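Handing you a structure now.
Chain nomenclature is as follows: A, B and C, assigned in order of appearance, with residue numbering initiated at 1 for each chain independently.
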Amino acid sequence: MIDIRELRRDFGGIRALAGVDLQVQAGERRAVIGPNGAGKTTLFNVVTGELRATAGSMRLGAAALGPLTTWQRARLGLVRMYQRNELFDPLSALDNVLLSIGSIAGAYRPLRSPRRAERDAAATVLERVGLADRSAVPARMLSHGERRQLELALALARQPIALLLDEPTAGMSPAETERIAELIAGLDRSLTVLIVEHDMDVVFRLADRITVLHEGRVIAEGTPGEIRGDRQVHDVYLGKAIEA
Amino acid sequence: MSRSTRIRAAIVLAVWVALATFPEWSVAWESSRFAAGIIRQILIFAIFASSLNLLVGYAGLPSLGHAAFFGGGAYAAAIVAQRLGTDELLVSLGAAVAGAALLALVVGYLAVRAVGIFFLMLTLALAQMVFAIAFQATDLTGGSNGFSGVHRPVLLGIDFNAANDLYLLVCAVALLVALLLWRLATSSYGRALVGVRENERRMRALGYDTRTLKLSAFVLAGALAGVAGALSAYEFRFVSPNDVALGTSVAGFVMVLIGGAGTLVGPIVGAAVVLSIERVLPSQLPAQMVLGIVFIAFVVFARQGLVGAVRRAVRA
Amino acid sequence: MTLEDALQQALNGLSFGALLFILAAGLSLIFGMMDVVNLAHGAFYMLGAYVALSVTRATGSFWAALVVAPLALAALGLLVEPLLLRRLRGRHLDQVLITIGLSLVIADFIRLRDDWGWGATVRSLPFPAGLDRSVAIAGSDYPTYRLFVIAFGAGLALLLYVLHRRTRIGALVRAGVGDAEMLSALGVDTDRLFTVTFAIGAGLAGLAGVVAAPVFGLQPGMDVDALIYSLIVVVVGGLGSLSGAVAGSAVVGPADTFGKVLVPQFALALIFAIMALVLLFRPTGLLGRVRIGR
C-alpha cells in the first residue's frame, strides 16, 4: 500500500533522509522508531508532501506521490496526525471535525450549511476518540490530552486509506495513552497505519512490524520480537556509535 | 431554519423595511434628503466593506488593494453603459460584476501566492497599477478628470433617476448582498475559508486546495466590490481615479476593522461610523486625522471592533 | 534618442535611483529587524520634506534642513515606536495596521497646517545656493543638484555599509535581522534596539524627503507615491537587507526614468510588471533572504 524507495531529503549539507526503503502492506500496522534526529518526522513531512524529496520515489497503492501536492495526496486518502497539534483553535471541537469531514464532499458548497449527516458523522468521530461531552468547547480550551485526541479525530474523520500518526501519545497520561492505544488497536483493518512512536509499550502492543531509523537510514526491520532481540538497535538506543 | 435564525431574520427584515421607507416616514424632517443621501452612501460602502470582510475577516487575507475592484466595477459600469448607449441596469451592473471579477482573477492569481504582510504589500502595489491605468488611460476613463455624465440606471422601464428611487435600488441591492453573505458565512464554503484563516497548513493536510479556495474568495469579494462600485457610479454620476486609490482601500479596511472583522454586521457598522466621521464632521475638523486616531485606538484596544466588543460585553 | 539624451536620462535614472535607495533603506531596515512593513514610511518622507521647508524658510539654509529634518523624524520615531508599536510586539499585522493609521494622521496634519506654511497647496523648495546651476556634460547642461543627489546617495550607501559591517550597532542590527529572539536571550535590550532601528528608519525617510524636495516639490499625495515606490524597490531588491535596497533602487530608478521617456503611457505599468515578474519567479527579491509566500 505504501511503497517508499531510496527516499532522500537533504537540508543543505545535512542528509535528513539518506535513502529510506519502506514497504507497508495494506492493513498493516507499521511502527517507525529511532532515536531523536533519526529522520522520522522528516520522513512523514516528505511523504505527505510538505517537504520536497531530494530523490527517491513514493507510492500510495498504484499512485505515484512525487508530483502531487499535499492536498492532492490527502484527497487520495493519505492523512496525517501531527506531532505538534495543528488544530483550529478558536473553533469548537465539533467544528474542527466538521472541517475534516467537509473536505470529503469538497469545499465549494457556498450556499449549503453542513448536512445533518455530516454533523452526525462528526459527533460519532468525537465519541470514538472520547470527546463526545467536549464537542462544543473551543479547541484552544481543551487540555493537552484532549487536544491530542482531537488531533487524531481530525485525521480519522477524513476517512483515510493510509493513516500517518506522528507520536500520537506524546505528552499523555497513562490513562489517556491507554485510551488512544485502544482506539488505534481497534481501527479497521482496511486502514493502513504508519506510526511514529517513542513509547515502546505502545509500539510493541500495536505494531505488526517495526522499522528502525537511524541517521536517515533504515537499520533494521522486522516483527516486534525480532527487533527486541536485534543487537544493532540495542546499541543505537544506548548511544553506542555505529560503524558507518 | 432554527428558531433563533428565524428571529434574527425577522429583525433584519424589520430594520430593512424601516430603512427602505426612511425617505417616506422622515419627510417632515428638514434634513431628510441629506440624511437619505448619507444613508445611501453608507449602504454602498457597507457593501464594499462587507466584500472586503469576506477576505479580511473570514479568509484572513489582509487586502489593501480592494478599491481596485470597487473603482474597476464603477468604471466598467459607466464605460459600458456609455459605449453601448444603454442605461439598462442589468447591462451596466453586469459589466461591473464581470469587470471587477476579471480584474480580481488577474490580481488574485498573483496575490494568493503570498501570505500575510507580503500579501498585503502585493495587493497594495497591484491596486496602484490599476490606479495608474485609470489615471493615464484618458481616452477610456477620462484620466484625472474622471468619467462624468454617468446616468442613473433603468430596470425594465423603471427609472432610478430620482434620489428616492435610487435609494430604494441601493436598499434592495444591499439586502441581496447581505443575504448572500449571510448564506456564505454559515455554509461549508464559509467554514472552509475560516479554516484557511485559522490553520492553512492543516487545511492542506486535510485535502483542501487552499490556494484555489483563496482565489475564489478573492474573485467573489472583488465581484461584490464591483457591485458597490456600480452603485457609487450611479449615486455620484461620476467615477474618478480616487475610486481606485489607496485612500479608498484604506477606508474600506478601516471600516471592516472598526466595525468588527469576521462578523456580518461589523462592516455595516464600520461603514456607518467612517462615513459619519467623513461626511458629517464639520469641514474644519480633520476627518482623516480623526479616522486615523480612531483606527489606531481600535487596533490597540478593541481589535475585535465594535461588534466584537459588544458581543464580549454581552457574554460577560 | 541621441547619445546626449541617453546620458542625460542615465544620470536622471541614477539620481532617482539614489533617492530611492535613501528612501527604501529605512523601510528595509525596519522590516528586517522588526518584521514590520512601515506603511507610514511615505508619510515620514513627506513630513521630512515639509520640516525641511520650514527650516529652510527660517534659517535660509538648505544644509541646516538636511541635518534637522532627519533628526526630527528620528525623534518622532523614538516617540512612536515605544508608544504604539511596542505594545503590539509579535502582532506583526496589527503593527502594520497602526502604521496605516499613523500615515493618515501625519498626512492630514500636514494638510491642515496652512498656518505653518504647509497645507494643501503645492509648495516648492529652492535648490541650495551653489547647487542651483548646471554643468556641461557631454555637450549639454545637467543640473548640479542631481549630481549631488547621486553623490549623496552613494556616500550614504557607503556610510551605511561601514556602519553595518564595522560597528557594534551594525553588528547588533545584523544579528537582530537574523534572529531577534536569540539576541534577546543573549541579554541584549531588544526593545531599545527596535526603537533605535525604527528611529533610524524614520530618519532615513525624512532624509529622503529633504533631498527629494527641491526636485519633486511638496504636495498632498506625495506620501502615497513615495510609499509605493519604496515598496516596489524592496520587493524587487529583496526585503530586509541594505544590499537589497541598493539592488532594487538600481533597477527601479533607471527603469522608471527610461520608461517615462521611451514609453510614457506604460511607464508605471512597466515598473509594476517588473515587480510582478520578480514576485512570480524570485519571490525573495533579487538579493533578498526572506520568503514571501509558501
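Descriptive notes on the structure:
Keep this in mind: contacts are C-beta pairs under 8 Å (C-beta built on N, C-alpha and C of every residue); 3 or more make two chains touch, one makes a residue touch a chain.
Please read all numbers here as calculations on a predicted model, not as lab measurements.
Separation of chain A from chain C in touch steps, taking the shortest path, is 2. Think of the whole protein's Cα atoms as having one middle point; the chain whose own Cα middle lies nearest to it is B. Look at the CA centroids: the one farthest from the centroid of chain A belongs to C.
With centres defined as mean CA coordinates, chain C is found 49 Å away from chain A. With centres taken as mean Cα positions, chain C sits 32 Å from chain B.
Averaging C-alpha coordinates per chain places the centre of chain A 43 Å away from that of chain B.
Looking at the complex, you find that chain B touches chain A at residues 183-184, 186-192, 194-195, 198-199, 201-210, 213, 216.
On the chain C side of its complex with chain B, the touching residues are 35, 37, 84, 87-88, 92-94, 96-98, 100-105, 107-109, 111-112, 224, 228, 231-232, 235, 265, 268-269, 272, 275-276, 279-280, 283, 292-294. Residue ranges on chain B touching chain C, taken from their complex, read 62, 64, 110, 113-122, 124-126, 128-129, 132-133, 136-137, 200, 245-247, 250, 253, 257, 286-289, 291-293, 295-296, 299-300, 303.
Those residues of chain A whose C-beta lies close enough to touch chain B in the complex are 48, 50, 69-72, 74-75, 79-80, 82, 86-91, 95, 98-100, 102-105, 107-114, 154, 158.
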